[in-house]
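Two complexes follow with subunit A in common, the first pairing it with subunit B and the second with subunit C.
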Partner chain A sequence: MPPSVMPTSIARTGTRVMTLHANAAKSAVAVPKKTATRRWRLASWAPVIVLVLLCAVIAAINPNFLSFGNFVRIAQAAMIPLVLGLGATFIILMGSIDLSLEGVLTLSAVILSMLVLNGANANDLGLLAIPIVLLVGAGVGFVNGTIHVRLKVPSFMVTLGTWFIGVGVANALIGGTAIRINDKLVRALAIARDPVIGFPWGVWLALLCFLIALVIQNYTRLGRYIYALGGGEDLAALSGIPAARVRIMAFTLAGVFYAVGGILAAAQLGLGNSQIGLGRLFTTITAVVVGGTALSGGQGGVHQTLIGVLIVVVLSNGMVLMGIPPSVQIGVQGLMIIVAVALSMDRKMMRIVK
Partner chain B sequence: MAALSESIGIDRIRQYLPVATLVVLVIAVGVAQPAFLEPSTLLQLAADTAVLFILATGVTFVIMLGGIDLSLQSMASLSSVVVALTIARLGYGSFVLAVAIGAVAGLLAGLAHVRFRIPSFIATLAMGGVLFSAALVISHEQSITLGEAERAYQVWITGSVAGVPNVVLVGLVVLIVAHLLQSRTPFGRYSAAIGAGEPAAYASGVKVDRQKVIAYVLSASFAALAGVILAGRLSSGSPTLAAELLLPSIAAVVVGGTAITGGVGSIWRTLVGALIISVVRIGMTFLGVNIFAQNIVFGAVLIIAVAITIDRSKIPIVK
Partner chain C sequence: MVKRIFDSMNKPVRRRDILKGAAAVGAVSVFPAIISRRGFAAENPTLVNSIRSLSNPYHATWNKGGEAFAKSVGADYVTLVTEGNSEKGVSDIRAIIAKTGGNVVINVDPNDAPDARPIVEAVKEAGGYVVTQWNKPADLHPWDFDPNYVAHISFSGVPYGKAMAEALFKAMGGKGGIVALGGIQSNIPAIERKAGLDQALAENPDIKLLDFQVANWSETEALEKTNAWLTQFGDEIGGIWAANDGMALAAVEALRADGRAGQVPVTGIDGIQLAVEAILAGEMAGTVAWDPYWQGGMGLSIGYHAATGKFDPAKEPKDHREFYGTGVIITADNAQSYYDSNIKAEPELDWNDIWGRVSGQIQY
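Coming up: the complex of A and B.
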């Protein structure tokens, strides 16, 4: 028998044995397996169902919700959380966490505002500033990943540190003030609308980022390795996946997405200051978790995060339409995190939770 | 054998590293600025450290178990708002109310953590959001300044006895209570056991979940007490009053030598850590480092301290 045939024949025999076995056990084995699959499918659709119900309820209370203007408002509110959520999703898929998001975003926004035509110095790099800012984001992410992997420090501790370092550096750069962005092209990134549908360009940019993230997640080695690490790192490492390199690359990638978020935030507000990142970590983690990506890693993905972002944004949009003050929304998001995590955790798998 | 004794030697040095760091820092700042070593300045330093120390003490209980509390700054801010809003009506009762709210918040966070098996950093992050939101709503997003009549209730915070600020005395009481809790009660011993090895503690009959909930209740209560004291020292309450204190508090615990993996640590170490953070802050102010940029140093100190103190044998896979 030629060696190339062997695996196939073994596989075939294996299948046959399994079929026979299943036939012998009949319904006893087959039925629970089927319901388990169905339940799993239902669970992964739950965020979509929640989103649809949410839209229906809000539209019933206030028909203005369905106006085109409101759609634009929702898209505009969702673009930055989406970009941030894409980065965070890759980290959470590995079972890690990245708290440095606000730090990277603030630093990126401030550096962008200092490099383009602005009210504080003579720089005028225009769109050339964008790759520089992306490099800064990648750099911070790389540092996060390297310290985390090489010094074996838990990711939440490293990124808690770099969160405040990022904000601190941003503060040191601008000295507690704000820098106005006068570059029209950069501002247009987030504000100007496309001539066909009428969405701001920033929304399309965010969707482009989403597509890139989707491709990385589903069609590249890095994306598949990230899933493998989240599913079980010891097994993944044993089967030859370069775990350390994958982790560092994932953190670097996340840093780039946060930098895009920073560029969009600065372009939207027309300035860079040290408070620009405030509260964004919270919204982002809510969105990722509500979308159904499990904190334990290995389950979920950027497509789930898109739904999660929409749930969070639609809910706060609905609350605004109903006249509920924004300060309540933070509390609601906090409760959403607890409920979503409590529902998504596969608690049988883990006895020790820290 | 040689390797063994060597590792013990390193551990012993490691144990005294925080105290040595503190002494070196005090001497360094003292040489640069001799006025720093005068008793009145040192007492002022102690008074300024009190709030940080109380926050750090609370979170020490949680870190000993191997958990973390990211809601302490929101809890302290909420408690300052509660005091500012109710002190005119309730008098001293407002302080009790604030700490009681803290205990309840800690209980809820702890229960969410152990019942729903939500990782502690996410449960407390979420609880922090709820508390921050509550503080924003009840304060109408404004800072509340206290008047003369209300400040009379806060003399136990703002006054001084024989030249020693009352805050320092409050800090000492907290130190003694927390130390007794940690070293003389079943809770203290159990939490060290859980931090050192949760499966073993569970197997030997420790009610792990109950100890964890107690730790979160203590952490939030101490944070609320810190908020009460902060409200007294600043004569105001605001939903962002303690916003900048999360990082220094956790840094104080870790710099003092309590391992983030749990099991190793004490309140004394946290005291040393809090003093180190305070001296570093004063040193930076003296050197003219921008107050906002000081976070760069604290962030770096946090990462370095964790990298030094962490027990890597306990975490085969670092996530």
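Coming up: the complex of A and C.
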């Protein structure tokens, strides 16, 4: 793209990045301040408003929605999409897409179920299995990133491939059966609750992941570079950002988050099977986009994904509470996606919509 | 091109080359969707099971039954998987017919009802033998393709959906409220099983259906729906009916997170191992086993008996050509014996008893 026709947003991100690179540590903190005024636009608060309205409507129809027990259940339902969404957000921020999520999640859940105390073999690695599973997730993510960058294969195709390979390997490992997890500590993630507030430990794990993602996004070079790539990769690369390395690292990071999602999913259902990831991709991408992260990259962030996840989860919880017939529910979900995205888009910067 | 290859041989191996090699190796090892095991005899017809995938316990067990039967007669055995793709399913079957020159017995769970017709026509043309299960168009009948279309086997969901509802009501003491998880709304087994539940509800006015939700056979969705119910109805829920075992087990997990697993009875359908174990643990009240091991082996056996001239399909009555198989109802009473003889040990079936589980002609 010749600079003369470059949209202003890209040009601006580019300038921002150049200062950032020249003085990385300091300006990484300073950058958000500079754009603080923009952040208060109504549009970027649209997801929060949608969430609040949604809660109000559901609570008006069924006051049980506001009970503590239901908060716990919503948190429980949100923990897995949140962790998956964190990983996916980094990829989407770069303007790429990662479809391998279900593959990595399935593979992680299956490997976890095979390594801890289980009903199928004699392994009993306990918590040691968790780092192994995280490494597997990082490995798949690394492969994604490397093939994508080095062989210049579009991320859509690479990750579509690794999605199927992941599910395929999981299949090969357990041959279509389900393995019950008997390890008390792993199950405790879903069942045991903290003594103070009373949330399951898995929810706290997901929140910890959220904080880590927030720090990576806002206070590390990787996080700021990811925004830069999403805003305009050619310019970012010209200003000296190691685009290839950033992409590989981002995919690796996403793989780790998906692996955490796999651990939580296995803990929640108490088993590992090769269908455990089914339907997660759709929910996750929906949550990220509904939160206001643009599929074109450069806009949004993990904090918005948190809101997006809550909208999706509260809506599906609320539709049952409000007694909406099953045949209507899927349609309402579709409607919600369109409304939320339409509300949160920043049309001023847009010239072309594809 | 040749020069390039020579040049590249002189260069040190680069990261990119390794990746290319790895990708090639990966592609080759993923490619063969036809998993074949070679048997001994060559004049025997090749036995083929065509199923959705090996990633679900149901079809994995189906495949084991097929292997066991093929071993018992010493025939070549091939598994084809459709992975939910009708076109792939049909073209893989055409390929195996061409490869074997028609000397083939195919036992197929068609991916979708319309697929059955091209499959049957291809087999008829080549002179092979085919048995279909679960899905076929209502106007496609084995007796119109004598002798090659040997039989169609299905299971009626209605009596078993009803039987599970009754087992559930019994475990609840005959009164209280239940919630029910359905399969995909447009899916025939899901519709039939729900119809069975409705019949049982009509006969038991003391049981109240609090809510029915569709969880699309998905464990994740079932878990979320059950969680929402626990908020909405709380202690009113006296039992949970689920249209399959996966959803039932997810409901049990939702109850467990609420500290109520084992207190609220749950029923499923399909008879997978974890469900039988849950019955033994007192967390589920019942399930129905279709015995996919029987389906995978006996489907082939019926075709094999026809192919080797043991019986003439054209002379069999209609209730041997389109029939409902028999499911095994498992509750706490017989769970242990079922577990010992079907799960702990490889099931021992008499493959020659081909009409042993006929329970009536299919009604359309």
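The working rule: the second predicted complex is superposed on the first by the 283 of 354 C-alpha atoms of A that agree within 3 Å, B and C clash if a C-alpha of one lies under 4 Å from a C-alpha of the other, contacts with A are read in each partner's own complex, and residues count from 1 in each chain.
As a convention for this text, contacts are C-beta pairs under 8 Å (C-beta built on N, C-alpha and C of every residue); 3 or more make two chains touch, one makes a residue touch a chain.
Only a predicted model underlies this, so the values are computations on that prediction, with no experimental measurement involved.
If we overlay the two complexes on their shared chain A, which of subunit B and subunit C does A:148 touch? Say first, second, both or neither.
first
Contact-wise, after the overlay, does A:165 reach subunit B, subunit C, both or neither (first, second, both, neither)?
A:165: touches subunit B and subunit C.
Could you say whether A:180 touches subunit B, subunit C, both of them, or neither, answering first, second, both or neither?
Touch status of A:180: second partner only.
Should A:113 be classified as contacting the first partner (subunit B), the second (subunit C), both, or neither?
neither
Pick one for A:316: touches subunit B only (first), subunit C only (second), both, or neither.
The second partner, subunit C, only.
So, does A:217 touch the first partner subunit B, the second partner subunit C, both, or neither?
Touch partners of A:217: none, neither subunit B nor subunit C.
So in the superposed three-chain picture, is A:64 touching just subunit B, just subunit C, both, or none of them (first/second/both/neither)?
A:64 sits against subunit C, while subunit B stays out of touch.
Check whether A:305 is in contact with subunit B, with subunit C, with both or with neither, and answer first, second, both or neither.
Neither partner.
Applying the touch criterion given at the start, work out whether A:97 contacts subunit B, subunit C, both or neither, answering first, second, both or neither.
first
Hey, what residues of subunit A end up touching subunit B and subunit C alike?
Common interface on subunit A, subunit B vs subunit C: 147, 151, 164-165, 167-168, 171, 175-176, 274, 327.
Mind pulling up the subunit C residues that touch subunit A in the complex?
Interface residues on the subunit C side: 15-16, 19-20, 23, 26, 30, 53-57, 59-60, 182, 185, 211-214, 216, 218-221, 223-225, 227-232, 234, 246, 249-250, 253, 256-258, 272-274, 277.
Please output the residues of subunit B touching subunit A within their complex, sorted ascending.
66-68, 112-114, 116-123, 125-130, 132-134, 136-137, 141, 198-199, 202, 247, 250, 260, 262, 290, 292-300, 302-303, 306-307, 310, 312, 315-319
Can you name the residues of subunit A that touch subunit C in the complex?
Per the stated touch rule, the residues are 62, 64-65, 67, 69-70, 73, 76-77, 119, 146-147, 150-151, 164-165, 167-168, 170-171, 175-178, 180, 190-191, 200, 265, 268-271, 273-276, 278-280, 316-317, 320-321, 323, 326-327.
Could you pull out which subunit A residues touch subunit B in their complex?
94-97, 147-149, 151-158, 160-165, 167-169, 171-172, 175-176, 233-234, 274, 282, 285, 289, 295, 297, 325, 327-335, 337-338, 341-342, 345, 347, 350-354
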